[in-house]
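One structure below.
Should a chain be cited, it is by its letter among A, B, C, D, E, F, G and H, assigned in written order, with residues numbered from 1 in that chain.
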Amino acid sequence: MTDISKEITLDLKRQSRLGFDEAIFCAQKSPPQIDEILQQARAQDRPLLLTRLSPAGWDALAPAWAGAMDYDPVSQTAFLNAPARAASRGEIAVVSAGTSDIPAAKEAVRTLHYYGHEPAEIYDVGVAGLWRLLDRVDDLKERRVIIAVAGMDAALPSVLGGLVGGLIIAVPTSTGYGVAEGGATALKSALSSCAPGVLVCNIDNGYGAACAAIRAHNAYSGGAT
Amino acid sequence: MTDISKEITLDLKRQSRLGFDEAIFCAQKSPPQIDEILQQARAQDRPLLLTRLSPAGWDALAPAWAGAMDYDPVSQTAFLNAPARAASRGEIAVVSAGTSDIPAAKEAVRTLHYYGHEPAEIYDVGVAGLWRLLDRVDDLKERRVIIAVAGMDAALPSVLGGLVGGLIIAVPTSTGYGVAEGGATALKSALSSCAPGVLVCNIDNGYGAACAAIRAHNAYSGGAT
Amino acid sequence: MTDISKEITLDLKRQSRLGFDEAIFCAQKSPPQIDEILQQARAQDRPLLLTRLSPAGWDALAPAWAGAMDYDPVSQTAFLNAPARAASRGEIAVVSAGTSDIPAAKEAVRTLHYYGHEPAEIYDVGVAGLWRLLDRVDDLKERRVIIAVAGMDAALPSVLGGLVGGLIIAVPTSTGYGVAEGGATALKSALSSCAPGVLVCNIDNGYGAACAAIRAHNAYSGGAT
Amino acid sequence: MTDISKEITLDLKRQSRLGFDEAIFCAQKSPPQIDEILQQARAQDRPLLLTRLSPAGWDALAPAWAGAMDYDPVSQTAFLNAPARAASRGEIAVVSAGTSDIPAAKEAVRTLHYYGHEPAEIYDVGVAGLWRLLDRVDDLKERRVIIAVAGMDAALPSVLGGLVGGLIIAVPTSTGYGVAEGGATALKSALSSCAPGVLVCNIDNGYGAACAAIRAHNAYSGGAT
Amino acid sequence: MTDISKEITLDLKRQSRLGFDEAIFCAQKSPPQIDEILQQARAQDRPLLLTRLSPAGWDALAPAWAGAMDYDPVSQTAFLNAPARAASRGEIAVVSAGTSDIPAAKEAVRTLHYYGHEPAEIYDVGVAGLWRLLDRVDDLKERRVIIAVAGMDAALPSVLGGLVGGLIIAVPTSTGYGVAEGGATALKSALSSCAPGVLVCNIDNGYGAACAAIRAHNAYSGGAT
Amino acid sequence: MTDISKEITLDLKRQSRLGFDEAIFCAQKSPPQIDEILQQARAQDRPLLLTRLSPAGWDALAPAWAGAMDYDPVSQTAFLNAPARAASRGEIAVVSAGTSDIPAAKEAVRTLHYYGHEPAEIYDVGVAGLWRLLDRVDDLKERRVIIAVAGMDAALPSVLGGLVGGLIIAVPTSTGYGVAEGGATALKSALSSCAPGVLVCNIDNGYGAACAAIRAHNAYSGGAT
Amino acid sequence: MTDISKEITLDLKRQSRLGFDEAIFCAQKSPPQIDEILQQARAQDRPLLLTRLSPAGWDALAPAWAGAMDYDPVSQTAFLNAPARAASRGEIAVVSAGTSDIPAAKEAVRTLHYYGHEPAEIYDVGVAGLWRLLDRVDDLKERRVIIAVAGMDAALPSVLGGLVGGLIIAVPTSTGYGVAEGGATALKSALSSCAPGVLVCNIDNGYGAACAAIRAHNAYSGGAT
Amino acid sequence: MTDISKEITLDLKRQSRLGFDEAIFCAQKSPPQIDEILQQARAQDRPLLLTRLSPAGWDALAPAWAGAMDYDPVSQTAFLNAPARAASRGEIAVVSAGTSDIPAAKEAVRTLHYYGHEPAEIYDVGVAGLWRLLDRVDDLKERRVIIAVAGMDAALPSVLGGLVGGLIIAVPTSTGYGVAEGGATALKSALSSCAPGVLVCNIDNGYGAACAAIRAHNAYSGGAT
């Protein structure tokens, strides 16, 4: 093992402790660091979920790893040794306000897929054209968890929170410009909503929203308790 | 005249220039300054609109001025010599998201009254209970200008902007707490709305929203051009 | 009915739509407004939960309402006609980092009580004295939902998120001073946590956290779907 | 149709509801997404306005779409199937403080053209050289709506608001550096102006300002009521 | 001398070094601290300028010091042993945008008086009523230094900077509300002005502006070089 | 003339009004806009100072203009037809805290040169090595105006303000990282200095500082009054 | 014991783990909570340090506790059962920039006293009058740790960091106004200092600075290793 | 010597004054400036530590300097003439929360190496997997100084501060996204920690943390007193 191996301490007990595998946030790691992490995981025969792996980052890894991994450029996620799991189907919905919010929405979808959940996907139903959302309310009332992904059209989680009774997880996104402030306005907007019990993740954090949905699922379906 | 008179230069030509009388923002003026301004206006037989005049501020003025003025404690506005004017009826609507937003909404209403406009008033129709707003959409489609006053339930102007075609003026309010940040989140939320052409005033600035509505009215009804 | 009644549009259908009763945020409403809301609710024989009702606010209402309502000064909440409900016992835990965080924690507890949930209460277990939290981990692993209330000692939700697999809802509080920035640092700290799937409410929003916990409970126990 | 088509839900009823066609904010959409949107619009024979379409973005579309569309690189706007409309001539003025503010000003002008309005255009009349503006006051007094585009020289809308009585819509721009803070100072400066009734859009949002002007025009000229 | 005397180290050499006497910012000092400073100054027969001395603070000092000091409640300044000095007459102008800006303007005026400068005082000439300022331009062109005090109507220093060639020192004030952000918007607005060479002090810092004007006077009139 | 000419309204009377020539901030203008401005100036035989003209921007202009202009890449300034003027020698000093602050310092120096002032230049004397500054105090006491350019080592203007009596103009710079916040900390640090009468420009605004120094010079040397 | 006892979990093992006793931050605790904490400590015969105990807070406790505790109103600290300890004399210096910074400085001094350290105290030596600091440099070079307390005159830690080689701990204070931003500018100013190795505490956190000094002392004098 | 030499004033007395050599922050210096500094240092036979020297910056220097210098691309540091020094071994520990924090951690390690300190290095032990840290507590209790480097997993310094008694220096890093705000949240989080006596450096400032550790070492080991 090279020296870089000392920079890494994989959290091997996370699955038994939390019900999650280790996941690797790649945006601020160097290609040699990511490669080393993959090697350690493979040596121990463990699955890994990689997030924020840019196409350029994937290109650096692909010569050695393309065969062993499944990469999706829209969500910027990759799977290594993802086990086959069938956890839920349609229990969770991922909803986006606009087309620009797709990357964060797809990060949530891919994380859910990795853990065996098959969410409903409903895109581009922001409140600027309210009928698009109202058309889907009856469907959404059937979902246990709704991940609402919205940036410029940030009223979506608030409006949803007043329409349906399931668990609502807002993912503010960095779409927009000017006072959108890279997603901070969408985030604060969702947090100060009048609709009771809307919860929030970090900006663009589709991964975190999916994990929270899985926590709810596991807590109530035997996974964690 | 006392020395304090030198601290004041009334804008005597504002009516002919802009279609507005001088208005006095009282929040950061001392009682002697406000008294002096009232005396100068009375000496010149001119009408005045006073805003942000707190009950305590009014109490300081009342012994000398109660007979000559009309004070409203909810909107914290007072009129001196308000001329009788009949400018419009139902052309403008003032809409609030919550009951807490009433003071700013009433500042707009009182300013409109001062200038002879009789707005429709529709309160507590925030999007957390969307049906309350949808019930009023047909009515609101008939208004030329809608002043949408909202703080915690800040999605109101965005949702309105997607439902009706009239001129929409958002008044973010300082209601709420935490990340509501004294109204800044509501303000940015309205500004970054996806609904086309929603305009915004300063936080709690019902006066400014009313003036903007009057500008639109005057521009198209012969007042200004 | 007085004129003030027009400032109020109660959301009468919220219970059937969302599983929540109307709740009244009192901090920025005038005593006459709150009194009017109570009268409308009583006239329609509906239950109400009041939050952010300061002792001074309660004193203004008490002469007329003390007999009909149940007020708690620590959480600043009051119940009107709270129905007897038995929803869960020990399923949810409310955990605070410090003694200063009690008011927000108790707002969550009282909201849960209002809806018939009996949470476990575990206080003053911030990570500055980590053993206090580690002593409770086995207990916390049994809870489906953990509401983690923390201000100065804001690492609590992050550390919890790495220790237990249930749904974790952080309530940042406005305790602390200087760069604590009224709770904003605790809020951002929880949102940028590395622990997967920690969700966040507005600062001091114990009410919202409780509603979110109830959403999860209802979604998986037949309440909403 | 490819899978990407599910990421798009065009707001087909916007014209009848609001008097606006669907418009596409391209800055954060991928070329395949934009291409898909254009195809859906063409398939339904609908007009589209595209904003924030960078020259690089246009280059990606041009091979397939150059013949069918009209692209302007300064305003970064494109038209697809823009219908011929003649709505107004000289009723609206677009005024800029500096030469650097031209892109946002032109976004407003192009949006107005798209909807059949022919605005007056008056550029580089910031208050640092006040005579440039004073020379145009008589002209500006004849306009019903003035769109005032200003970044570094952000006093323009305030000064205008004290000189003319028409509807004034400020577009703060991201020109400048340091404490200009990407347009935030210009935005707040316009919002806190003493001149009565100055309204504000998001930073660089020439499109929104034009839409607001059209709302005013439609409201008073039969378009919306 | 009491223990409190060790908390104070008067800057005895400031006059010879900089041309200024020691000045005492009282806002965050306790009455015993201020009393001790006055006693040390009197014991050494030295003049002192006190700023931000609130009426309540003065009331605490007045029993012992009223005879020896000259207190002005509008500017919240007091003089101890101010020497008679005749430095300039009309060389400096203090200009305010609004009546609410008077306290900061008067702090500048009083500081100038303390050092023997007799400024011109021109108040309430904000650009919302531009004629008020234009009427004074010929006068202002004769001044070597202009201290421009403005909060809500923050365009004043920018507009002045384009009209006259003298040294312009902006004092942003904390008047206004909402996005005025306690004077921060006025400060940034003056700093990002297009008019060449406008300089800025801290918010409400009339004292600092006067000191800067005195630096310019001294530098060019033999005081400092 | 092309259409672009309408985007430009040169301030032809600035020299007689303020004592400054028109100056062109190039950072956010397109090469065709700058070229057009140069052509208009040449056609009217007027001098121009260009600031924030990047090497890439200059390369775009150089083929046509290299012979007629004087470009300096460190300060990113260029002169067109700069008249020979001899205004002062050694009256003004430009002082920098660090080597990284040189570009802003040189922008001031070049602006002064353009107007015929020959400043003293003293670099890299930040307070982290205080002896470097103390060695120069006797020299600095002889200057009428000191332009103090500092970013990371932002204490320089405060310390200078306590050491010398001349007019002090701080230019905060965008050097540093993290909490330096692109110069905002240096700016606020200089503004909240205890040293009396330190004035401040926008971040990196060497041009503005030079203009302010020239205002002081002109005001007291006959230029403006 | 009352119910309030459940809100408290004293960190009984802190002394053996860290070398510190439990300390109680009183600012946001209710009098009954503080009383309960004191009772628990007394019952277990443990010493306590209380910080941010306002005079009003002390008045609420005094009837029951005045005999057992030592309260100091300037530093707002109180001791319960403080053991006699003699840890160091003159090893640590507490230095303040201004007289207004005394409360935070005294919080550090009292914390040091509680733990048996006798610091040197040097006040009002801010860099606006640099000679005051230079006079003390030889003394300060003899100290192992310097706690530098500064708000408005925030250059003090930076300048010190360039003059002496000991460990420097900056305590930014909330003195000042406007852009001082409640101490945030002083904090960032110390953090972005060019002087190598200056460390920083939270705003006004004299307690934390003293604890850090004690950590250094203990680490090198046998306390912790 | 060229003209650029005047832009540099090396702090030649820093070693004797503070116990540090001059260090050069390269991020915002031009290659000619860095080259000139290196030449001056070599001419005077003095050692230099260079920080924030990017690989591109090194490539510009390498042709002339590769033989004389030791460059490390991960920490972006270089040594010129680093003297052999043996100061400590294992006294200091550098701990990182995540693999993404390695660059800042290595900047600290390299600075320590430059001064002859051999720190323990412990990486990727953030609190999201708490066992990783708890496994190392016994080791960490033996260290006199702990440099805790953390961005996304910013609870690390707080948790450490409650576990071990040595001097703790937090280095917040710019890892993370959204509300991590480039490290500002990690910084404020460490500063508002409840654990007593945690100190903080600027974001990513591994160099400063190392210097502070060396100050503590020198102060107690004869270096500075």
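Note that in this section a residue touches a chain if its C-beta (ideal position, glycine included) is under 8 Å from a C-beta of that chain, and two chains touch if they have at least 3 such contacts.
All of these numbers come straight from a predicted model, not from anything done at the bench.
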Set of chains adjacent to chain C and to chain F: G, H
Which of A-C and D-E has more C-beta contact pairs: A-C
Rounded Å distance, chain A centre to chain F centre (Cα mean): 49
Length of the line joining the C-alpha centres of chain A and chain G, rounded to whole Å: 44
Inter-centroid spacing, chain G versus chain E (mean Cα positions, whole Å): 35
CA centroid of chain E to CA centroid of chain F, Å: 27
Residues of chain E touching at least two other chains: 128-129, 152, 161-163, 176-180, 187, 191-192, 196, 202, 205
Touching pairs - complete list by chain label: A-B, A-C, A-D, A-H, B-C, B-D, B-E, C-G, C-H, D-E, D-F, E-F, E-G, F-G, F-H, G-H
Interfacial residue positions of chain D with respect to chain A in the complex: 6-9, 11, 13-14, 25, 27-29, 33, 37, 52, 172, 174, 182-184, 187, 202-205
Contacting residues of chain A [partner chain C, same complex]: 17-20, 23, 141-145, 161-169, 187, 191-192, 196-202, 205, 207-216, 218-221, 223-225
Chain A to chain D touching residues, read off their complex: 96, 99-100, 102, 121, 123-125, 128-129, 131-132, 152, 175-180
For the chain G and chain F complex, residues of the former touching the latter: 97-98, 126-130, 152-155, 158-159, 161-163, 176-181, 185-189, 191-196
